[in-house]
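These notes open a run of structures that come right after.
In what follows, chain A forms one complex with chain B and a second complex with chain C.
On to the complex of A and B.
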């Protein structure tokens, strides 16, 4: 594993500007900091925004982030029995959507099964109901992993409020060094989190490690807008409106300034695709949403 | 003959689980249009984990990969073949593909590599059936060449070929209507059409058709019509062993043969009529000249 890290670090040297520095200089938004400082600062950012995270998401993206996350889960198309690891999943948005999706697929499956068993006796039907009642998720499970305790707290509260209890677990962990065994998960998702990881290559390697053979890596993240007109409007909105919203709603200008800058510093679609391939994934592809404001990258461990 | 374009292939460092799995789900390897030329791994491969060193991250083009590596395309084909046994239960869906992947030791998420409507699965099935048919016809042809079998008359040959091909649908006949509707989606029409035409072309080739005129087109069009209509009849045939379907097929092929006879008869009749008219015209004009003189 160490050998691989060295290898990809050497390959990553030309991308030093993008924050995979061979040296200690990294970016925090448009500032230049060391690795350790970056981790610290990002932790503080999320600690302070945790409580208002969902509200800010809604107001910044005008609610469109919900659609993006829906599209991500639809693309995943999980079937019952899938084990999902949601990294940087903080407040649980992806996890809840996953559970809903799997539940509805499971219901459809059960309905189809019942339709086929037209000639069962009452006893058999009763038994079928019993065993399926306790299995509404079909053994699917989602593990939400986040480095930030505050975000996990908010997530757990939300889960309680919304009534999600089955098939859900919360783990404190670092994406660059996951506390899980090899070959464990069917799907690994990281939604709007990989931007905040200090060593993206390590996170990708960890993703590769914990996925089962055949497992899928999905990454939803802000990306590069190609269209020049749209790009200008987007920049205008990002730099003028979002930090103001941050100050007004969350009382925290600096965090949202960081957010907008970090989006600009993140590698564009093709580069991220190359990084994912470097980590060992196959059939790597990306889908632009909203002209490239957001992109979903997908890869398979084969 | 698949109209799909795959990105440049890289060597897959398939895990031991993949390599160690037996070939029980794999049918005979066909000479499909694969871009790689290496053999499928032998079934008795020892299931030990080999150290995973850094693998090429850029295309390893040129079919010189070692036998331990498998291309993405090959793996996808293995998954689809494994998925076929779950089709009678789940239909031509991503669920069947997920179950297939599970039997190969892969995660169910591998089904995400394919479209959720099962298009690839159906196209894969059709191309495998076509390849099986070609093999069958080639074997028969060899037997005839070696003198061990009689050469069949055309109508019997066509009948047998179409019947053999349609019989391959029998295990999946319940879910076949769903497959047909997917094959008719605009996205799939180029591929499904090319598979159909190449199959019909194959059958005529082994039937000994060497026409170079318009007959080439009429023959293929006629046989395509026969095949499609028989397929539709088969879908709602409930007779034992599909007897009604084969009878229908026999009648259609006989019709087609008669039609071509009638066509040539019509042609010769037409020629005779024209000659008669010419003769009458000459007689009349001769008679007229005689009158005048």
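On to the complex of A and C.
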């Protein structure tokens, strides 16, 4: 349509490269597709799985994904006042954990503050509690950005059901072209999302751009298992069990077939580390969880 | 502005059990006010103006508007609409 053509023309020079992407072959799981097809297919995968996403995560990982996400937030160790951008954060798992974490840190801060004031009157103590009630997050904020409307809808509903409202916002956006200004966020997280980004290098550049100097990049993603025996078992489980679970629980074999294939296509730990360094991050490191089934990569913008 | 702040207050009430039904809802939800501080146009990275009448975020310079659906700003260029009625002049769109 006319609008779309014009919009593509106003994009700056670096982005023009993407216009040529009709040609280059990319992978969608084990299939070979064009860049445009890949984006479409991935969008459809998540549109299809959105409602069953959490249930499937629990079934496939036997609930362990919760521990991985807990570890990510603990590693982040946010203090009250932190501004978090959670990209590909769809259903809100990281965002909710972040909010819980800063809330409990804040409570501990308040406890310590009150303990220090030995001679307060009841009136003063009462007032102390009142003023801090409106600030239970200590001005911390998380913005959840995802490219898929269905995933965001599920996330927003979850937030309402679980009672999360303060300090939480939702944006539909593309990790390769974030709608945020430079140097804005303290932490950028992308949990089980970067694998589905078509141009990882662009996403990493955008991550670098929107982080404040001193800000931290954290990526939680499936990675490569070195141990040959474990690798064999993992492959067996991935290819024999997961798509079946996908069909039984979500009625969607293909999407989960894509999922396990995409894990195999994703760069291993060292390669991802190099890509993160290429984007300009310093002190890039990774931590394997469960022998490399999952890895947390971390980098800083200095 | 008054109508906008009333809606925001409702959204922020932690006890509220109001379920947004999306396309069926009568009143469009405005975005979180804090979010407006962070959002810029993904193309030009320039600030946006919130237009309450159409519930859109407008980039005056490029003449495009991003819709807000169910309170979620839709910040992908594919979703934006042109704000000019006549065929836009090429030079005026150059960032």
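Rule of thumb we're sticking to: the second predicted complex is superposed on the first by the 274 of 302 C-alpha atoms of A that agree within 3 Å, B and C clash if a C-alpha of one lies under 4 Å from a C-alpha of the other, contacts with A are read in each partner's own complex, and residues count from 1 in each chain.
We take it that contacts are C-beta pairs under 8 Å (C-beta built on N, C-alpha and C of every residue); 3 or more make two chains touch, one makes a residue touch a chain.
A quick note: this is a predicted structure, and the numbers were derived from the prediction, not measured.
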Touched partner set for A:63, first chain B, second chain C, both or neither: neither
On chain A, which partner touches more residues: chain B or chain C? C
Chain B versus chain C as contact partner of A:251, first or second or both or neither: neither
Where does A:173 make contact in the superposed view: on chain B (first), on chain C (second), on both, or on neither? second
Could you pull out which residues of chain A sit against chain B in one structure and against chain C in the other? 3-4, 7, 11
Residues of chain A defined as touching chain C within the complex: 2-4, 6-12, 141, 143, 147, 149, 152-153, 156-157, 160, 163, 165-166, 169-174, 177-182, 184
Show me the residue ranges of chain C that touch chain A in the complex, using the header's touch definition. 11-14, 16-20, 22, 31-32, 34-35, 38-45, 47, 62, 64, 66, 69-82, 87-88, 93-95
Seen from chain A, its contact residues with chain B in the complex are 3-4, 7, 11, 75-79, 81-82, 186-187, 211-216, 277-278, 280, 282-283, 298, 300, 302
Contact residues on chain B for chain A in the complex? 10, 12-15, 17-18, 54-55, 57, 72, 75, 94-95, 98, 101, 104-113, 116
